[in-house]
Each structure stands twice: as structure tokens, then as C-alpha cells.
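Quick one: the structure is below, questions incoming.
Chain nomenclature is as follows: A, B, C and D, assigned in order of appearance, with residue numbering initiated at 1 for each chain independently.
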Amino acid sequence: GRFGDFGGRFVPESLVPACDALAAAFQDAWADPAFRAELDDLLAVYAGRPTPLTPARTLSAALGVELLLKREDLAHTGSHKINNVLGQGLLARRMCKRRIIAETGAGQHGVAAATAAALLGLEATIFMGERDIERQRLNVLRMTTLGATVVPVTTGSRTLKDATNEAMRAWVADVDGAHFLLGSVGGPHPYPWMVRELQRVIGEEARAQSPYVPDVVVACVGGGSNAAGTFAGFADTAARLVGVEAAGGAAMSSGRPGVVHGARSMVLQDAEGQVAEAESIAAGLDYPGIGPEHAFLGAAGRAEYHAVKDDEVIAAVRRLARDEGIICALESAHAVAWVLREAGGPLLPAGSRIVLTLSGRGDKDMATLEATA
Amino acid sequence: MSDLIEARDGKAVPPSTPEPARVATVAPQGRTLLVPYLTAGLTEDWTDYLLAVQAAGADAIEVGLPFSDPMLDGATIQQASDRALARGVTVASILQDLSRVRPQVRVPLIAFTYANLVFRPGAPEFCRRLAEAGVRGLIVPDLPLDEAAAVERAAAEAGVDLTLLVAPVTTDERLAEIVSRSRGYVYAISRMGTTGERAALASSAADLAARIKAAQQRSAPSHAASSAAPSATTSLAAPSRVESPAATAAGRNGASGARLPVLVGFGVSGPEQAVEAGRAGDGVVVGSALMRRVLDGATPADLGAEVAAMRAALDRADQEASADHASYAEISGHRG
Amino acid sequence: GRFGDFGGRFVPESLVPACDALAAAFQDAWADPAFRAELDDLLAVYAGRPTPLTPARTLSAALGVELLLKREDLAHTGSHKINNVLGQGLLARRMCKRRIIAETGAGQHGVAAATAAALLGLEATIFMGERDIERQRLNVLRMTTLGATVVPVTTGSRTLKDATNEAMRAWVADVDGAHFLLGSVGGPHPYPWMVRELQRVIGEEARAQSPYVPDVVVACVGGGSNAAGTFAGFADTAARLVGVEAAGGAAMSSGRPGVVHGARSMVLQDAEGQVAEAESIAAGLDYPGIGPEHAFLGAAGRAEYHAVKDDEVIAAVRRLARDEGIICALESAHAVAWVLREAGGPLLPAGSRIVLTLSGRGDKDMATLEATA
Amino acid sequence: MSDLIEARDGKAVPPSTPEPARVATVAPQGRTLLVPYLTAGLTEDWTDYLLAVQAAGADAIEVGLPFSDPMLDGATIQQASDRALARGVTVASILQDLSRVRPQVRVPLIAFTYANLVFRPGAPEFCRRLAEAGVRGLIVPDLPLDEAAAVERAAAEAGVDLTLLVAPVTTDERLAEIVSRSRGYVYAISRMGTTGERAALASSAADLAARIKAAQQRSAPSHAASSAAPSATTSLAAPSRVESPAATAAGRNGASGARLPVLVGFGVSGPEQAVEAGRAGDGVVVGSALMRRVLDGATPADLGAEVAAMRAALDRADQEASADHASYAEISGHRG
């Protein structure tokens, strides 16, 4: 993945051959109808795809827009992450790896990765920041129940950024035996490309399910995999593509170009280049970077990126729950919060037809939500 | 420690001393090179440690510019980096510190840092600042060959040697290109993993060093051709003691008159492993083992003693090796 | 709902007209294509139906059987309960009720009921035993987030039985304004019949999805709604129907005919007729009764009922998680535990082709599972 | 309390006293009936409470046989039931207690319990046991008309009156059938809700009592025809004081010679509400208000005083009503 000025493969020399091999293997697999068929079958009979496109009738009426929700919260394990891990899991098996390594923030990717590993008979080591372990306890229990080893990361901000560092270190140490199952569209080539391709199913389904080409397509962005997958389905339409970041982790809105975790992209950093610690109530968006393709889409003007604050996000979770009976993840609620804020205004005029991806469900966030009550 | 403080204060060494880093070759023939790594800014008196290891026999010093996300470093260096950053040090403040002690520095200083710190101000600006502070080399572990071009250019223009790394998994083809494009020395990553002490040196270290040397020998002519000013400033001459007859036959002197030394790093934890690593390559980089001591409270003098012990062990081994060489060179696979 | 000797309508006179009206309204609605279409639409675009039928490949190979899992854990809110609440919710709206009252044990029905209420603009009051509130904290938070009022029940065993008593009391007090949204196939007519019809979609889907008529159809049974819905799809086949109870709440295996919560069925009780307190690790099965249709199917020999113990259930959750990457609810794990125990034996011979309904997901049970680790 | 204990010990009332429950009619004409409810077995001396309320002027007593899941009862009765069950009482032990005090009991006792306790031993067996213990009536609140047939038969065979309940929401058609099939009295559920004290008596109470009486009047001939032995044992004669001219005109005497009294229950909390409820029907059932007192520690004498106060209030009201009746009967909607 090189996207204009962004992307690349800024990894230690020790990882270069592994990245090469992975890129070749994915290219090969992705062109192999048997691989695609096996993945499609798992997505359907195991992960529960297609996920529905749900009209949010009460909210639509209240906001004066037409809002359709792409329900990744209904996918197995509770988020879109399952799409990616099943693809990479099959790839790891195809590459004869015995083990997967993964980083996780909110734990959704960790749970998904542990799930794919259990299903496909692979070992799983999941790195997770200590702070995230505290605030996403449910997901930690889910991962260990699935047989994964969860390694607490105590360095730095003790969140996703540091977990990613640690996962890459672990990969270097077992590059032959392990596949690094990266959870988002960041990281070195081929990850941003591969993960986007594996998440493309979100956007393609949504486009097929939508009765019209929407005016606006909205998704939350941390690393940005659900947004990348959603956007991929609408890239060739006239729909505006909107990514919504956490105000405390808004790499697009507040970052500068930089290199972190193997790719050149937009990064929250100081004047010298030290990477900043993000600060969001949503562990999955508590990340100072963003996938390089988003940096490219933003620079090219094809997608726009906006930020919402923690309190807007909490209000959005509650509103969606009470109006539509859907408790979404704090991450996903960023997209909802933006729609709630902008509906009827210049950014989202009355009557707009919107497809919004709900990337995951909010069970994991109930304790956080309670603490803010 | 008093002698070092004196040195730092510029009393023992007159300010008019010639630029120490300009000394291109620090190693006499037959000596295994010892290159300590220090995390810059870890303590207020961090340059005292630098001068202490210099005094203890370092052939060059890697100066780690702390980065928030040191992906390739293990727990020790990461902890040192975090602590330095928590003190509020910056690249600017570190380079300022270095400028201050520059008069006392007689060995090449090589900056070790991550790509984002290089790209944030821009590679040309970054390299210019290094050069201004008397730093003569640069290592960027997350900047593989494929992404290195811009920094290579900027470094060359600033007169800074960009040293590239080779890993055990590097293919022959790629290794050849790294060897031909690396400046100053070639950094052989001894094992797959991050920096940090290990109970035993990986066998991959010796294998890798041998592969690098073989590549150097094969590429010597083209190397000479492609490098107008190889190892312009910091290069440490590769000692001749470990040359195989084949290497000698292929001719290892390019325009620079010497192939670059191969330094083995990652996971060297004490004098014994230093000797082993030095035997595999032309020298050894020791980082985590030293920084662990500093984190645990070692003074500059303590650290100097540690490095001196390594230096002494390497020297003893060198003497034994040259005595052995005549009789055992042919059967010593470790020696390339 | 009268099923042979079982069923009936043993309710206070105050509730008789309401039961009559409900029966009439459901009969009318169920015959109304517009009602069916609206429900089917919600089940598809909102609840995520059809849920997949997942081959459990690792377990099947290990056990020497062919095991297919009907994935109600993937339905919105995480269990089959959503099928019932959407139907009753639409019915409540059709009957011009402004409010629903519900009882809940594990909280899955409570969450589902709160969800339907939020979606359809109804108030929700959920009664839940104090003991269940403690052990199913996550679901309590979900209900309140959905805007429901959760009323702790402090009487009796402080579990589902008592919550049901309390819900019926509340219904008596607001019989005009409120619909009692009963969660299982118990209670007075028309509930056992209505809820079975609303859950029939499980069995009908599974039958259509299964490549063959299975030898055995298995589901866990507390009140028994997921089993009733599953069995309904296979009643006219040669498949054996197996309901699996909690050993501590095994109304079929250890109960006697009795009247509780409005219906005559099998009930755990003492010699005088005092209803016993069930004792199961699964809050949703911690109930001394069972739906009357199960009592009938058992008496008629059409279905068989077996019991598994708490430790078998915990082992089953872990096994399914590690082998198939699916963390099911403790309730659902009863069905899995029975298959694990009997596979290859006389009750479940080698080579058996099994359809097993996983009634829900296990996120809610992670704390319980951790406590048993 | 001593007089009651004496009564219980059988000293004040000779054992040879005729079966008190056989007294079919306890209320003199014009007296509003007062029927206290007691949870049996709540305390070891629970029968002392029973005798105390009898002495205080109860016209009959509902004896609650505690059930684990008292669906129609509110918090107070449920708490009393739970406490009694926790003491280990059983239907058998309660009936034994009753058999023991039977000599002192002069008013009809009516068992109040739930269907499962009736069905577990079987309705015939259950009713036989009641009869043996001298209990002459039975109320099963979760046994509506449609499910009552078997218990009706069994009760009739055992000589026990099965009293049916009517709710404010009961349809006219259904109400007519309940009235025709109920024995002993007709229980008018004063409000939609569970048993328990309320701040005010629901207006539905008066409306319902009026509807029941109207149905009784309409159905009197058929009632007489269908009931060979109506109100065989426990029935409390409906007092004439509240009869409207229309009721008298329709004729209210069946084979039993009197229509059944309409007792209003659920939510009667004190003398004032008792008067109001009694005015609506022919009498009042008071349960939770009394059991609340017992749970709070009232002695039998305390409870007797409570019931006596209600009795006095009812008597005063009866006197006022009969004084008022001549002039206001036509405009008093409350009086049916």
C-alpha cells in the first residue's frame, strides 16, 4: 500500500522479508477463487454476513434526514473486525503459520483475532495496553476464554499505540512461526491494502442493500478499517465520504504527516516528531495515527474528516439506544454523534440520505457509560 | 568520576583540540571494535557517561535520540527513552549538549533514532543539525533500504554517514545492496528480535557477519565505483585480522581503501558475548547491557569500568586470535 | 394454549379479559399479512435474520458426529429473545398499549424487551430478581441504557420465578395501559402458543438451511422458548427432539405436574405444592417450571428431556470457545454439554447428524465464568 | 390478651359447643359484614390472632394458606407468607392447628390459597382435608371460572363453598356466570392490582359491587334453579339494609332464601375505608392492613383492638345508613 505520499513500509530490516512474503501471499490468495470462496463461506455461515442495513426510523424523523445503519454490530464477535481476521486467519494458515500475534485497543480486534485463531486452530498472542485492559475488561475475559494469551503492555501511554509497538516486536522475534494479524488499515505494506480489501465487504454489501446511492457515507475512524471498507463500496459514486475521529485522537484534523508503525500517514505528534498520546473515551480510537489511505483520501479531497468530543459520543450512544434500540460501541457512536450534530446544518443538509456504518456493539462499553451517568 | 567531570569542563582537554570526529579510522589493525550505545538525555549528566565510555576504550559511540515509539528496541532502551523524554529532553537539547562537549569527544558519534524524528523537520534539515553538532553518522532502524533514498541523499549532502542494517533474514540480493549503500559501517542485527540482553548470542550473528563480509568482497569493485565518498567521515576501518584468503583475493579496498567494518549488535550482554560477537564481525555494539546499568544507578565511572572490562576482554581475545590465526584460520567458520 | 393436560389460564380474574383480548389480538394479527410482513421486515433488517447455521467442524471431527449450530447468538441483542419481543412489541402497539412490562432472568429477555420498546416507542418496566441483577450486571446496564426501568425483585429466591410473579402483579395494576411481554413459552394462554409461534422462525430457518433432516435436534430449556421455536420447525420430521435442562432446574426430569405462573405444566415443587427454588449457574434456566407444550411433548414421547450439571456447562462454554471461536451463553451451553457428554454413546450414536440451537451469546456470563476459573 | 388465651385453652368455651362454622348466617340484618384475613402459620400463636379477631366481631375469617408464589398478593401478604413458610409450616400443620382450636371457633373459616396447593394433592383430597379441619369455604385467586370446574365439583362434594372472585374488568356476561357459580359469598376485587393497603379505596369498588348485585337480582331465579345446595355451609346472608327497591322487586331469594353477600376486598386499609367498602358491598375483607400490624409486632390483643375499631366504625356507619336510607336511598349511587 502506497497511497500518494502516504503508506510505505517503514519497518526494521528484520521484517522486510516477512512483509514481502505476506504481500505476495495475499496477492496470490486474493486472486485465488478457492480462497475467496472459503472466506465468503466463513463470512456467511460463521460470521453472519451479510449484516443488515437498518433504517433508523425514529432518528431519521427527528433529524429530518434518511439514515441507514450498516449493522456491523451484528457480525460475530460484535464488530466488523471479524471480516479482517477471518481473511488474515485463512491467509496465515495458507502460509503455514502456527500462531498469530495481534494488537488491540478496545479489545474488539483482539476478540476477533482470538476467535479466528480458535476457529482455525492457531495459537493467539494478543497485546493490549494496561489501561485498555482496565477499561475493556469484558473483552479481556472473552479473549482468554477463547484460549488466547493476553499480554499487558505497560509502556508509554499503555494503550493501542504501545500495544502495536509490542506486537511488532513480538513479530520480529517469531517472524517465521507467527503471522502479525494487524487489526486496522495502518502498518506497513501490505496491511493497509490487505485490510481494506478484507473490509471492502462492508461497503459492497451496504451499496447493494441501499435503495439509492446515498448523499453521504459516514463511519468512525481510529486506524480506520471500518471506514476504509465502507468507503471502498462507494468510492466510485458521487457520495461524500465522511470519517469521524475522536477529538482526542484526530490524526486527520490535528495531526501532521509522520511515520509511525510502519507507514507514513497523518500522526498526532509534537514539533520534533514525538508521537502524542491520544485521549479518547473510546479505546478503539485512542490512537494517534490513521491508515495511510485516509491520509491520502483526505489530502486528495475525496473524503472529509471531522472530529467529535467524548460528551457528544456518550450522548450519541444513549440517543441511539433510546430511539432505535441499538447500543453501539463508543467507537461507532462517533459517526452517530457527527450526524446528530450536523443534521440540518450546512455539512449535512436536511433531507440528506446517509449510510452510516455502526462498526460494533457497545456491550464492552457499559461500564464506561455507567461511569459517565 | 572527577577526571571525567574535568574533561567535560574542558580543563583536561584544551578547546582547541582538533575535531575528534574527523578521525576517520579509530581502530588500529587487529583490534576488534567496541561501539557502546547510550540513550541521550537519560540523566542530566548523560554526556559524562559518553566521555567515560570514550575514555574506557570505545571506538565510536552510538547516541540514541529517544523516540516515543522505539519499535525495534526492547524493554531496557524503551525505558531509557521514556525516562529521557519524561525529563523533557528534545533532539535540539541533546544536540546542544553534544556541541558543548564536542571539544572532548575524540571518537565518532553516530545518532541512532527513528524515522519520524528525521522526517518531522525533514531529512536535510535533520542531517544538517546532526552535522553541526559534530555527529557523523546516523542509524534509522525503521528505515529499510526501500524507504531510505531521501535520507541517504540528505545525509550524504550533510556529510553524515547513513549506516544501514542487515538482518539474519535479509536475502542475499538485498544484503548485497545494503552492503553497497551502507556508510560508516554495516550493522549486523545478531538475531531476530528487539534490542536487549540475551542469555546467549544467537548463532545467526556469526552466520550473518560472514554473509556480509562475503558480499563486501564480491561487491568491492562496484562498491568503489558507486561510492564517490564512501565512509566519508565516521567509518571505522575494518581490521585485517579476520580476513580470509578469499577475501583478500577478491580485493577489499575500494576507493576508500578499506571495506567497511561489520558491527554486530542486538543482544550483546557482557564481555564474553562481546568477544563472541566481535569475533563474528569486526566489532560489537553494546547498548541494553550498558543502559540497564545506568537505569540501575551506575555512575559514569561505573559505566566506564564496564566498558573498560569489555575492551580488555576484546583485546585479550584479539591477541589469542592472532596467535591462533596462523594455524586455525582455515577451519574457523566463525571467522568468515 | 392447551396442550393435552397442560397449559390453561390460571390467572386472577382481573387478568382474564386481558388474556382474552391478547389471544384475540394475536390471532388476528398472526393472520394479517401486513402484520406478518412488518414483523418479517424487522426480523430481517433490524434483528439480522436469518441467523446462520454454522457447521462446528472441529467439534464434529472430535466427537464423531455432524454438528450444526443455529446461531441465535448473532441475532440483535444477542439471543433468540429478539424474535419474540419484536412480535409482541408490534402486537402491543397494534393493541394501543403505551407500555410493556417484562420479567427477566439472565437479562436477555429484559434487554430484548427494552430494545423492542425503544424501537417501537413504548415504555418498558423490567422486573428482575436481585440475585440475577448481581450476576447479570452487564444486562442491567444495557436495559437502563435502552431507557427501560429495571425493578429489582427482593422476594423469594430473588430470581426469575419471583420476577415473573412481580411482573404479573404489575400487569394487573395496569392492564389497560400495559402489555405483559412474557419472555418464554410459559404463562397463561395465549402466551405459550404465541411465543412458540413467534419463535418458530428459528426452527423453520434451521430446517431450510440444513442440508438434511437431522437425526437429533437439541436446544436448552428453561421456560423453553428457543427449544419450542426450534422444535416447531422439525415437529413433522423424524428428527428426535431433545431439550436440555439445568440439573438444578430440571422441571421435566425432576418436577411434577403443577400450576405456576398461569399454566399447568411440570414444576419443581415439594410434596404439598410449594414451588421449589431452582439452582443453576445459568440465570436464564434458574426457573422451577417449563412451558406447558414441553410438558405435553415429554408426556407424549415426542420430545425427550435431559439434564446437565453446572460444571459440565462451564466446560462446554470453554470447549466451544476454544474449538469453534464461539462464546455462547451459559444457557445455550447446556445443549452443547449434553452433546459433549453423550456423543458416541447410546443416546447420541457416532455419526449422528445434529442441529443444535445456540440460543444466545455469552458476553453476559464472562464474570461468572471468570469466577469459576 | 388473657381472655383470648383462656378461650384458646378451651376454658372459657366448653368443648361441647356446637360446630361454630355450621352457623350459616352470622350477620344480623342491617349489619355490614367484616371478614378479616389472616396468614396462617405466621407465628406459632397464630390461632390466638384468629380467636382475637373473632372475639372482636369478625363475621367470618379468611385463613391464608401460605404459598411460595402468591401472584395476586402484594408485598405485605407475600412477606407474611414467606415468613410462615420459612417457619416450616405446611397446609397439614395449619389444618392441624385449626382442628385444635375448632371448639372455640364460632365463625365460618374460609381458606384462601393458590391453585397449585389445591391440585398437588388433588382437589377432592384437598377439599376433604379442609372440611375435616372445619374449614367451610375456599378461595383460589388464580383459579378463574374457566379453570374452576374440577375444584367446584370437589368442593361441593366435600361440603366446602368455593367462592369466586369478580374484578372490575370482568365482563357482564362473565360476571353473571361467576355470580351464579360462586358459593358462600361473592368476592368483589375492589381495584385492579394486588392485595395491599391503598391511600384511598378505588371508585371501582362501588361500581363493581353494584354490578354484582344487579346481576344477582337478574339471575336469582336461575341461580336458585342451578344450585341445589347454594351457600351450603359458610354463606353469610346478605343484609337487607342496602337493597334498592329494584332489587327487592326482582326478588333475591333463591332456594337459599337469600342472595349471597358481596364482600369487597383488596386495598382496604383502615376503619374509614372499611366503612366505604362495606357501604359499596355487603361487607368488607381486610387483610394486608391487619397483617402489616402483625408483621410489625402487634399482639393478638392489638389485632383484636384493630378489628374491634373497624367493627365499631362499620356499626356506626350502619346505624347512620339506616337512618339516612329512607330519605337518600334514591340518590345514593354508591349503595347500588
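Methods note: a contact is a pair of C-beta atoms (placed from the backbone, for glycine too) under 8 Å apart; a residue touches a chain by one contact, two chains touch by 3 or more.
These figures come from a predicted structure and were not determined experimentally.
Note on connectivity: the fewest steps through touching chains from chain B to chain D is 3. The set of chains in contact with chain B as well as chain C comprises A. Ranking every chain by how far its Cα centroid lies from the centroid of chain C, the top place goes to B. Separating the centre of chain A from that of chain C, both taken as means of CA atoms, is a distance of 34 Å.
A straight line joining the Cα centres of chain A and chain B is 40 Å long. If each chain is reduced to the centroid of its CA atoms, chain A and chain D end up 68 Å from each other.
A linear topology is adopted by the chain contact network, the touching chains following one after another without closure. The touching residues of chain A, counted against chain B in their complex, run 8-14, 16-18, 155-156, 161-162, 165, 168-169, 172-175, 256-262, 264, 267, 269, 271-275. Residues of chain C that touch chain A in their complex: 44-48, 51-55, 58, 71, 74-76, 78, 114-119, 121, 138, 141-142, 145-147, 317-318, 321-327, 362-364, 366-367, 369-370. Remark: chain B residues 67-72, 74-75, 78-79, 82, 85, 90-92, 114-121, 141-147, 164-171, 174, 178, 189, 192-194 touch chain A in the complex.
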